[in-house]
Amino acid sequence: MSVRQDVTKPNKTAKRKFRLRYFPGISPTAFLFFAFLYLPIGILVALSFNENVTVTVWTGFTFDWYGVVLGNPDIVRAAKNSLVIAAAASLAATMVATIAALAMSRARFRGQDGVNAVIALPLIVPEIVTAVATLLFFATLGFQLGHFTVILAHGVFCIPFAYLPIRARLADMDPFLAQAAADLYANEWQTFLRVTLPLLWPGILSGLVLSFIVSLDDFVITFFVSGAGSTTLPVYIYGMVRMGITPEVNAVSSFMILISVIFVTLSFILAKQRR
Amino acid sequence: MRLSLHRRDRINRAVMIGPAVLVIGIFMILPLGLMGYVSVLARGTYGQVLWGEFSGIAYMNILFEHRLDGSFGVNLDYATIFLRSFWLALTTMVIALAVGFPTALYMSLQPERYRNLLIFMVTIPFWTNLLVRNYAWILLLRDTGLVNHGLQWLGLTSEPITLLYTDFSVAVGLTYSFLPFMVLPIYASLEKIDFRLVEAAYDLYASRLQALRRVLLPLALPGIISGSLLVFVPCLGSYVTPALLGGSKSLLIGNLIQLQFGAARNWPFGSALAFVLLAIVLLTMTVYLLRQRRGKGRPA
Amino acid sequence: MSMSKSEAAGISIRGISKVFGSAADQVRALDNVSLDIDHNEFFTLLGPSGCGKTTLLRLIAGFEQPTDGEILLDGAEIAHLPPFQRPVNTVFQSYALFPHMTVARNIAFGLEMQGMSPANVKARVTEMLGLVQLGGLEARRPAQLSGGQQQRVALARALANQPKVLLLDEPLSALDLKLRKEMQIELKRLQLESGITFVFVTHDQEEALTMSDRVAVMSQGHILQVGPPAEIYEHPRHRFVADFIGEINLLEATAAAPDGGRVRFRLGGAQTLVAHAAAGTPPAGRVNLAIRPERASLESPGKDGLAGAVESIVYIGADTVYRVALAEGAGLFTVRVQNRTGAHRAYATGDAVAVVVPPEAIQVLSD
C-alpha cells in the first residue's frame, strides 16, 4: 500500500512501540504459502539429480538423467514441436492482438463491450470445453490433426494473453502525444511509426512472451487436437507419467520449469522498462 | 466531407479488430455451437454420431438411464461426479482464500523493493506447466513417495497410507494449482488501498481486527471476488489434476468429458456434459458481471 | 535571436457550435460562436473551466470537428482538414513531449515531418533552443527536465515550424508563481518578435489582462465580450464579465428616463446615482450597475454620494479596502483606496461616510 514504511518494533508489551504495517499471523501464513508453493517443485528438481532409478530413494548426485533426456529423440522432437508451435501461435496472436488493441484504444464505439467479451472468451471458457469443441470442429471438417490444427487452436487462446498487456500499455500512454504528433504534421501512419509504436513496443514484447509461454505450457487443448506427429512436450510428459514414474520424467519436468523461470524473468524485465 | 472521415475511421477500425474477432469467432464460437449441435444428436450402436438424427438422450443420460428391464430410472453416478466437482472446487476456493488473503496482505504491506520480488515469486508457478506441478505431488503422495517416507521415518506410521488417487490428493492438487490465482487479484486490490485509511481507523479506536474487518476487507472485496472466481471456475472444469492425482474413484467433470471422447466413445454425451459445464460457468460469470455493473451505477 | 516574421494569419470563426455526446446526455460545449482574430495579434480566450475555450482551441487545431459553422484561416476553410494539414501548431497544457525522444528530436519532429533537410533541421533546432534559452540541453530526455524547461521545449517545438497561428492551451498553469510571471513576459516578447498570431487560453484573468492585445470572455459555450483588456475591465457589458474580472460592485437600481444627457438611477429609498446617458442606454426600468472599487472614493457624510457606514476595513499594504453598508438597504459597497500618506482621511469602523462615484465609472450591464 502507498505511504512511507514505518520501521518499529513488534508489539509484545505496552512499552514497545506499535507496529503500524503489521497484522498478526500473516507473516507465518505467507511463509507457509511460499513454502507450499515451492517445496514440491523444489523437490522435483532436486530428485532429477538423483542417481537412483527408484526416484524417491536418494542414492547419489548425477547429471545422467538429463543426458538421457537430451539423447531421447522422441523427447527432442516433442520439444521442437512445442517450440515451433509456440513461436507460430504467439507471433500470429501478437500481430492480431496488436492491431485489435490499437483500434480498441481509440474512440468508444457501439459493440465495444461485445468485442471485449469475444476477446476474453478463451479465458472464460473451461479448457476442457474448448478442447472438446475444437476437436469436434476439426473432426467434422475433416482436418487432419497435426501441427496446423494445434497452431490454430493455440492461436485462439494466445490472443487474449497477447492482447491484455498491449491494451494496458496503450491505456497508460499520454493521449495527447498522438495529437501533438498530428499537430506537428505527422499523418496517421507517421504518428504510429514514430510515436505510438516505440512507446508500445515493451507491451508488444510482453504480450509475445506471455502468449509464447502459455502455448508452450498448454496441455489439455493440445492433448485433444494434436495428432501422432505433432506431440508437444507437455503431451509427451503426460504419456511418460502414465507409463510410470521414472527419473527421465523428473529431468524433463525440470527442464520445463527452467524454461518457465526464464520466460517469466524476461517478461518482468520487459515490464520494468518504463519510458 | 465530415461523413467520409467517420466512415473511413469505421472501416479502419473494423479491419483492425476483424482478424482477432474472426479467429476467435471461427475457431472458438463456431466450434462451441457445433458442440451444442452434437449434444442433441443421437448416438449409434458403434459409438458413431448419427448426423441429422436429433435426440435429447444425451442430456437425459446425465440424470437418467435405461434400465435393463426397459424402464427409465434415475442414475446418480454422473450427478455424483458433478457434486464432487462442485464440492472440491468450493473447498479449494475456501482454502485458497484462507491462505491467499493473509499472504496477499503480507505482500502489500512490504516495502517496495521486497514487493516486486514477492510478486515475481508468486508469478513463476503461475506460468509453470500445470502438468509438471501436479506431477510433483505424485512424487510426494504415492505409497513410496516422500510424505509416506517421512511419516514412517518419524515413526508416525508403520505402513504407507494411501494418499494418492483419492479425493484428498485431488483437493491438494487443485489447491496447489490454483493458489496463485487467488493471491494476485487480492494483492492487486489491496495494493490500491491508501493505507492512511487504516491509520484513520486506528486513530478512531479500532483494534487491529476491527480495522481489518471493517476497512481492509470491504475495500479488498473486488479482488477477493475475482480471485475466488479465478479459482472456482477452473477447478470445476479441471482435467489435469484429477487425471494425474485422482483415481477412477475420483472422477471430476473434466475426466468424465474426456472419457466420452476416448474410451467410452459417446460424443453426444460428452458434448452435452461439456455444454452443461459451459452453461454453469457462463451463468456464474454473467451474475458476476451484472453485479459489477450495478455497483458502478449502470443499469444491469 | 532573430526569427523571420512569418505571414501571420487571421482566423475567422463563423457560427461555430460543438455538441458532445449522444442524444440522451448531450453537452453543448460551444453555441453559435463567432469571432475574428487579426493578424499578428496576441488573442486570449478567457473563462472558467467548462466555458468552451479549450474546445474552441481544439477546433482551430483540428483535434475536434465542429457540429456546425465554419473556421477560416486567411479566408480559406479549414474545418474539414486534419491537424497535420493545418499550418497551426499547439502548445499543450501537459506539454505532450515525446518521452522516448531527446529534446532536439522533439523540436525537430515537425520539421522532419515536413521533409526539411537534416542540415536545416539541425540549424533550426539550435536556433530554437537559443530562443527559449535552453542551449546545451539537446541530448536530454523530457523526464530529466524541470517543469519550466519542459514548457519551453514544448514552445520551441511548436515555434520551430513557423506556424501561421500558435495555439497555447493554459501552458503556464503548471508553473509556480515566479516562473509563471517570467514566462508571461517571455511569451509576450516572443509574440512581438515573431509576429505570429497567438491564441492563448487561460482561466486566470490577471494573466489575460497583462498579456493580451484583445480578450474574449467566455461562459457556458458563449462569447460574452471581446475587446482590449482596458475595455473589458473598465466597460464590462455583462454581469458575468464584470464579476469574473477583478473586483466589482454590483448594484440593482431603477433607471429613470434620460433627462438632458444624464440618467438618474435610484437604488432603494432615496439613494441615487447619476450617470451620463450613453448611446445604448436601456430604457427606464430595473437595471444592474457595475462600479469598480478603485473608481469610488470615501468622503465625509453629506457630500454628493451614497450614504452609508463603514462595516469593515482591510489593510492590504498598497491599498486599503473599505466595506461600506449603504443606507436604506441598498447593499454593501466595496471601496479601494490607495494608501498614500496624508492623501486621504483614515476612517474607522462604524463611521458614517459618503461613497462618491463619478458618473463615467458607472457601467450599465445588459443583463
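Labels A, B and C are assigned to the chains in the order they are written; within every chain, residues are numbered from 1.
Just so it is clear, a residue touches a chain if its C-beta (ideal position, glycine included) is under 8 Å from a C-beta of that chain, and two chains touch if they have at least 3 such contacts.
Just so you know, these numbers come straight off a predicted model, no measurement behind them.
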Exercise for the section: Find the two chains joined by the most C-beta pairs in contact, please. Expected result: A-B
Fill in the blank from the handout: Centre-most chain by CA centroid is A
Fill in the blank from the handout: Greatest Cα-centre separation from chain C belongs to chain B
Handout entry: Chain centre separation in whole Å, for chain C relative to chain A (CA means)
Key = 55
Problem - Centroid distance [mean C-alpha coordinates] between chain C and chain B, Å - result: 60
Completion exercise
When centres are defined as mean Cα positions, the distance from chain A to chain B in whole Å is 17
Completion exercise
Going by residue number, chain C touches two or more other chains at 82
Exercise for the section: Sort out for me which residues of chain B touch chain A in the complex. Expected result: 9-10, 12-13, 16-17, 19-21, 23-25, 27-32, 34-35, 38, 99-100, 102-103, 105-109, 111, 120-133, 135-140, 142, 144-146, 149, 176, 179-180, 183, 190-191, 193-196, 199, 202, 208, 212, 233-234, 236-240, 243-244, 253-254, 257-258, 261, 267, 270-271, 274-275, 277-278, 281-282, 285
Exercise for the section: Name, in rising order, each residue of chain A that touches chain C in their complex. Expected result: 174, 176-177, 179-187, 190, 194-195, 198-199, 275
Fill in the blank from the handout: Seen from chain A, its contact residues with chain B in the complex are 1-3, 5, 20-27, 29-30, 32-34, 36-38, 40-41, 43-44, 47, 54-57, 96-97, 99-100, 102-104, 106-107, 109, 115, 118-119, 121-122, 124-130, 132-137, 140, 152-153, 155-156, 159, 163, 213-214, 216-217, 219-220, 224, 234, 237-238, 241, 245, 249-250, 253, 256-257, 260-261, 263-265, 268
Completion exercise
The answer for chain C against chain A in the complex is residues 61-63, 82-85, 88-90, 92, 94, 96-100, 109-110, 113-114, 157-158, 161
